[in-house]
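For reference, the structures are reproduced in the following blocks.
In what follows, chain A forms one complex with chain B and a second complex with chain C.
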Partner chain A sequence: MLVLVLLHAVVAAVVLSATRLRGTVAAALGIAVFAATAVTAALQGIGSDVPATQSWDWVPDLGLQLTTRLDGFAVVMVLLVSVIGAIVLAYSASYFEPGPTRVRFTGLFIAFAGAMTGLVAAADLFTMFVFWELTSVCSFLLIGLNDRSASARNAALRALLVTGAGGLCLLAAVILLQVAVGTTDLAELGSRSPAGAMVTTAAVLALTGAFTKSAQFPFHFWLPGAMAAPTPVSAYLHSATMVKAGIVLMARLAPVFGDLAVWRWLVVVCGGTTMVLGGLRAMRQTDAKLLLAHSTVSQLGFLTILVGLGIPGATYAGVAHLVAHAVFKAGLFLGVGAIDHATGTRDIRRFSGLGREMPQLAVMMGLAAASMAGVIPLLGFATKEKALVALLDADAGAATVVALVAVIGGSVLSTAYSMRLMRGLFATDHRVIDPEHVHHAPGGWLVVPVGLFTVASLLGGLLADAVGGWLQAPARSLDGVEHSSLHLWPGLNLALGISLAIVAVGAVIGWRVPDEVAASPVRVSGEQIFQRLFDGLLTGSKRITVVTQSGSLLAYLAVVMAIVAGVLVAAIVTDPLAGFDELTWSDGWMQLVVAAFAVVFAAAVIAVRERFVAALLIGGVGFACAVLFALYGAPDLALTQILVETLTIVVFLLVLRQMPRGFDAPPAWAPRVVRVVISAGVGITVAAFAVMVSAARTAPSVGETYAELSLPEAGGKNIVNVILVDFRGFDTLGEITVLGTAALGVTNLVRMARRRRRTASDAATAAAVAEAELS
Partner chain B sequence: MIGRRSTILDQVDRMLFPLIVAVAIYVTFRGHNAPGGGFAGGLITGAAFVLRFLSGGALRVRRSVVTHPTTLIGIGLFVAVATAVSPLFVGDALLESTIWIPDVPLVGEVKLVSSTFFDIGVYLLVVGVILTVIVALGADPLHAELMGDGSEEVEP
Partner chain C sequence: MNASLVVVIAVLFGTGTYLLLQRTLTRIVLGVGLLGNGVNVLILATSSRAGDVPLVGRDDTTDSVPQALILTAIVIGFAITAFLLALAWRNWTIDGDDAVEDDVEDRRVAKARQRVVTDVPDHEDVTP
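Coming up: the complex of A and B.
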């Protein structure tokens, strides 16, 4: 599996870098990769008792590895990802105009499918997290495919921020689990049945991550925004695959955490809210694609409840409905894309009698919508029926009751919006003035994929018993329990009654709801709240920056120095180190003389009024230090100090000739007292600290080891140099990098200042010339 | 250039400059066993350029090196990094030193330590930094083109 994931990445890279590639060739390459993946997954995964596991050491020192395991659930998901991917890719070949955008789309699409394949086949949470982030990035690029459109860019950014934040939550959960349980392997986690506060926190964090990815309330708003992407992208990412990543994560973790009350209630409340809210929002949409987007949100809420509860029957129904939803939703999206392509609009108020112009498409989309509405004999009916049975049978307390109510309410709405969509698109409506007509009939490649999905929905329903049998293994691989299968005709029972009532009520609502009510504006939307938070964050940080970054050198120095002095005082007061008793005044009269010079120079710096003189005096202090180094027997240090001091003075002079001779008057906030206190504070505390620290050594000096190792290990007799280029060579590397960067900074600053001066003088010249001409 | 040009200083520079650079290179290579090294050597070379700057101005400094000063920084950093990572290719640790003692005809045994190349990188980078600073800050406001390739400027 890992090899195939890698193959996706390689092909994607080839397609993305070869921009002159023909679109059809690129699509063919992609379909070949998808086919290879599907065949491999089917051969390795179906019918084998021991799942094929593959693992690759990534960072062996940290125990990080990428592991995939092809158990039943992974096989189903991989098949969904690659089969739907291949169909959508074939569709996209005639959806896009030929050109670089199409090739870019194909490359990104293949990359995304690879990431998704890795995600669904991941055997541990760490691997899942890596691919999780990859899907977020690919989805960002795909939503923003039309990079000239500001709204597409914003939608892409919003999706990335929301799913990225969720990714961070997931990462935190992975780390917590690794620390608390000692493994992130999904099978291991399940068998160890972990518990404790840390595990609960991890569960909630992982659930938050899943909610962001699968657009659950309160993170549901990014998904409709992502409809700025081209239709094939929406069909694939935002219905069939990426948004299922959160569902996959919940399905994997529900057997481990399903019994936690906080997990169960979060799943039921958020999933239920999402299901009903998405349904209500879908009823308000007039853009067919947005309607489908909100319906996806609603269906994802349904799936969250089913797989998140971790009740065996519900898990099985969840897996089955996941497949059913992927199939009918992809078909509906592609159908809407075909209509958009043919008529130039997706506004359901602009159509009348389209059903007679495009009868095949109407029948196919009608069947897919019927599956979404849960009408017998389609796959959607069988899976929804199974879900109702599971929830009715479950004995998990109040949570299942809430879940059942939400599911029934949401299902009524899904029948209603399915009806509304079909009526709006295809029915004859005499109120529509000048309805849109088919401008150019969609080619076969735009219609056949829709047909494939429809046939799958229909056959899946008619052969529900067989399909249900195939889905046994995937569900069993999640919770290890045998399930009763799907049925086309479950017999007369309570669930069937509820099912029929849902369809009847929903159909009436969907047919009768007036457009005016439906199209009334939404008062509070998650999108607005997010935007307000986002803007607030930006303005807030701008304000903080203005306050903290005043641009005054004196202010920066004052803050830094005051903090240094404060920290040192705190250190000295809390842990007073002795050391003053060992202090001697000097080791000889030479040192006293040199030190006296240094003190005189330093005192003179304070007294003088000219910058030049002050710079020279500071240099004098430096030379005095160099002499002290030499007296203590550190020739290397003394040599370097003298050289640095010499060159520093030259640089000082170079800069100072551009500046005023005297010092500026200090600002009002820093009177003499403040400046004296800060300066004296730093001076005294640093000196005191130096004395104390030198007396506080407990471990033997590292210098001894260096001295011993210098010649045998590094072949040098000069320890200082050997430390610089060998023992601590890495430090030197960092330092010279900083040095070089600083020099480049100087160059650029000077260049910028010079350019500004030149433009100013050019402007002055131009003004003078203009004046001369006028007079 | 600061102030008027002095013939004496010019002659001093002409005589001392090669000498100082020779000393600097010597200091760089002896650094392994005695006080010195790439940093000190680079600074001494920098001092030679400062002398040249004082006698002939930034333009003359710029003319006495073939490459652009910032290129020198890049070369120095490249040499240092290359020395640091090259042990990785033979399975050693980053920055690990290797000692060769080849027997050169007529000269006898010569001891070569790989970290010498690291020091050469440091030397080149330090020289580059000092040259960059001199040329950037030392240029007369009129000689703005110095920051470019400096070709169109005529020596005063």
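Coming up: the complex of A and C.
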């Protein structure tokens, strides 16, 4: 399977890079790849008890590898992805005008199908995550295929953000599971029956990821928006494949986590809400494609409940309905696309009598819609019947009751919006003034695919017992339980009664509800909330930028210094009076006098308004410090300090000689009070900190080791010197490098300034000469 | 620890910080110098008691390691002072003063009120 996934990527790359390729050639290439995948999956997967596993070491040192395993469920999903992909690709060849867009679509489409194939065949969560992200990126590009339309770009971005966030949740879940359980292999996870707070968190995170991908409430809003994509994209990604990724994830994990109460309730509540809400929204739409999009949301809620619960019967029904939904929804989307292509509109209020103009399409779409509505004898009937039986039989407490209520309510709405769609598209409605007519009959390739899907729905229903038999192995590969098959005629029982009632009630509602009521605007939509959150995030981050990044160096410095003081205060309050008992006045009168000089000089530096005086005063501070060093027992420091201070004064004088004498007073950036408070705060807290730190030594200084080693190892008696030139010689080398760099910087700054002045004076001379010549 | 050095530390840090928060680059350089001296005194005073010179064979000496650190710091402090002074001088040759200006770009960002992503201009809204 990995080889085939790679083949998808290669072909996609070829198609995308060879822009001059003819669209039909590109499509043919894609269909060939899909066919190869489908045949391989069928040959390898069907009938063998040991699933074909393939794995490739990605980062062996980290134990990362990509692994695929073709168990029954994977085979069904790969077949769906490949077969539907091939049909949609053939359809798209007639749908798009020839040109670069069509080739780009084909390339991205193949890439997406490859990612999806890898996802459904993934044997461990890590592999699934990698392909999961790839599908998000590909779908972003496909939704935004029409990159000149702002709405398409926004829809693509929204889909990417929502599914991308879900991808991050999934990644977190993968990591948590790897840490807590030690494996992300799906089969291993099931056999180890993990438990604990970390595992529960991982389960909820994975479920969140699945909800975003499969458009479950409250993340459902991106899917209808994604209808900005061209119809083949919608038919493939947003009905048959991509949104099924979340369902696949839930189906894989439900046997592991299905017994967790939080998992079960999340699945039932979110799935149920999605199913009913999607159905209600579908009833309001007048754009046939949007109606289908909302119906997809509703059906995804249904699937979430079925596969997410992890109850054996429901899992089987979920797998079967997944197939049924993919088949009828792809057919309906392609049918709407054909009508759009023929008449130029998708607004169901604009049609009257289209059924007579396009009778074949009307029959085909009618059958597909009947499958969606759950009408006997189509596949949708059999699968929904199975779901009802499973939920009625289940004994998982209150959750299944809620699920059952939601499923019945949602199914009524399913029938209703199926009816509404068919009536709107094909029925004769005399109120429609100047209805749209077929401008040019759709080509065969726009109609035949719809027919293929319809035949599949019909045959699947008529041969429900056989189809159900084939689907037993896939469901068993998920939870390891034997399942009873689908039936075309299940016999007279409660489920059949409910099913018939659903169809009857739904049909009446769908026929009777007038368009005006249904099409009333929605008050609150997830889309608006998302947009508001998104805008809020942007403006909020901008506000933070405005506050934190004022552009004033001085404000930054003030914040830095205030934080220095604040951190020190936090350290000091832990033991406010430490060290104060060891405090003496001074080590001698000499020290006291010199300290007084240092204090006076420093205070004078901030008071004087002349540059020269300030430079001399700071030199004074430096010399005072040198004397303090000498008195403290550090003559090396004193010597260095005196040398450096002398040099500093020279440099100051060199520079200041050219600059104005006094400091002019540019406008202060903050009131003096603020500056004084910050400065005083820093001074006082650092001093208090010094007292505290001096009493905090717990271990002897490393200086003692150096003192012992100084003479024998380095042959020097002056320990400070030995440290500098011998023990820590490389540090001194670093210091010299800093000096050299600073010297280079100074040289360049001075030379640049000189050059500038010279050119300025040259220009002035030239101007004067020119003026003289003119006069 | 003795109080006279604590006072020196407090004053050097306080005045240094105050000068740092000025607009004139020369005064900022002075502030950096004062802070540098303050840090050196801080390290020396907190590391050990005053004592004899750290030579092999002497008793009751001061700690040698902080002295090696401070020696390095003094030299690097000089490099920084020289570099900042050169910057101040260059600023003065260009502007005629050595004031620290605000970053104009940041100010512009702060004033701008337009939306960032949602109002991307539309080229040509084609429905698919």
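Heads up, the rule we're going with is that the second predicted complex is superposed on the first by the 556 of 775 C-alpha atoms of A that agree within 3 Å, B and C clash if a C-alpha of one lies under 4 Å from a C-alpha of the other, contacts with A are read in each partner's own complex, and residues count from 1 in each chain.
To be clear about the criterion, contacts are C-beta pairs under 8 Å (C-beta built on N, C-alpha and C of every residue); 3 or more make two chains touch, one makes a residue touch a chain.
What you see is a predicted model, and the numbers here were worked out from it, not measured in a lab.
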item	value
First (chain B), second (chain C), both or neither touched by A:R356	neither
First, second, both or neither for A:T584, with chain B first and chain C second	second
Chain B versus chain C as contact partner of A:L733, first or second or both or neither	first
Chain B versus chain C as contact partner of A:R657, first or second or both or neither	first
Partner touching more residues of chain A, whether chain B or chain C	C
Chain B versus chain C as contact partner of A:G703, first or second or both or neither	second
Partner chain(s) touched by A:V644 [first = chain B, second = chain C, both, neither]	both
First, second, both or neither for A:N718, with chain B first and chain C second	both
Touching partner for A:K542 - first (chain B), second (chain C), both, neither	second
First, second, both or neither for A:Y632, with chain B first and chain C second	second
On chain A, positions contacted by chain B and by chain C	635-636, 640, 644, 647, 651, 655, 716-718, 720, 724, 732, 739, 742-743, 746, 750, 757
Residue ranges of chain A in contact with chain C within the complex	145-146, 148-154, 157, 228-231, 531, 534-535, 538, 542, 545-546, 549-554, 557-558, 561, 579, 582-587, 591-592, 595-596, 598-599, 602-603, 605-606, 611, 614-615, 618, 621-622, 625, 628-629, 631-637, 640-641, 644, 647-648, 651-652, 655-656, 658-659, 663-664, 666-670, 675-676, 678-680, 682-684, 686-687, 690-691, 693-695, 701-703, 706-707, 710-711, 716-720, 723-724, 728, 731-732, 735, 738-739, 741-743, 745-746, 749-750, 752-753, 756-757
In the complex with chain B, residue positions of chain A that touch it	635-636, 639-640, 643-644, 646-647, 650-651, 654-655, 657, 713-718, 720-722, 724-726, 729-730, 732-733, 736-737, 739-740, 742-744, 746-747, 750-751, 754, 757-758
Touch list for chain B against partner chain A, complex	2, 31-40, 43-44, 46-47, 50, 53, 69-70, 73-74, 76-77, 80-81, 84, 94-95, 97, 99, 111, 113, 115-116, 118-119, 121-122, 125-126, 128-130, 132-134, 136-139, 141, 144, 147
Chain C to chain A touching residues, read off their complex	1-15, 17-24, 26-27, 30, 33-34, 37-38, 40-42, 44-48, 50-57, 61-68, 70-72, 74-83, 85-90, 92-94, 97-100, 102-107, 109-110, 115-118, 120, 122-128
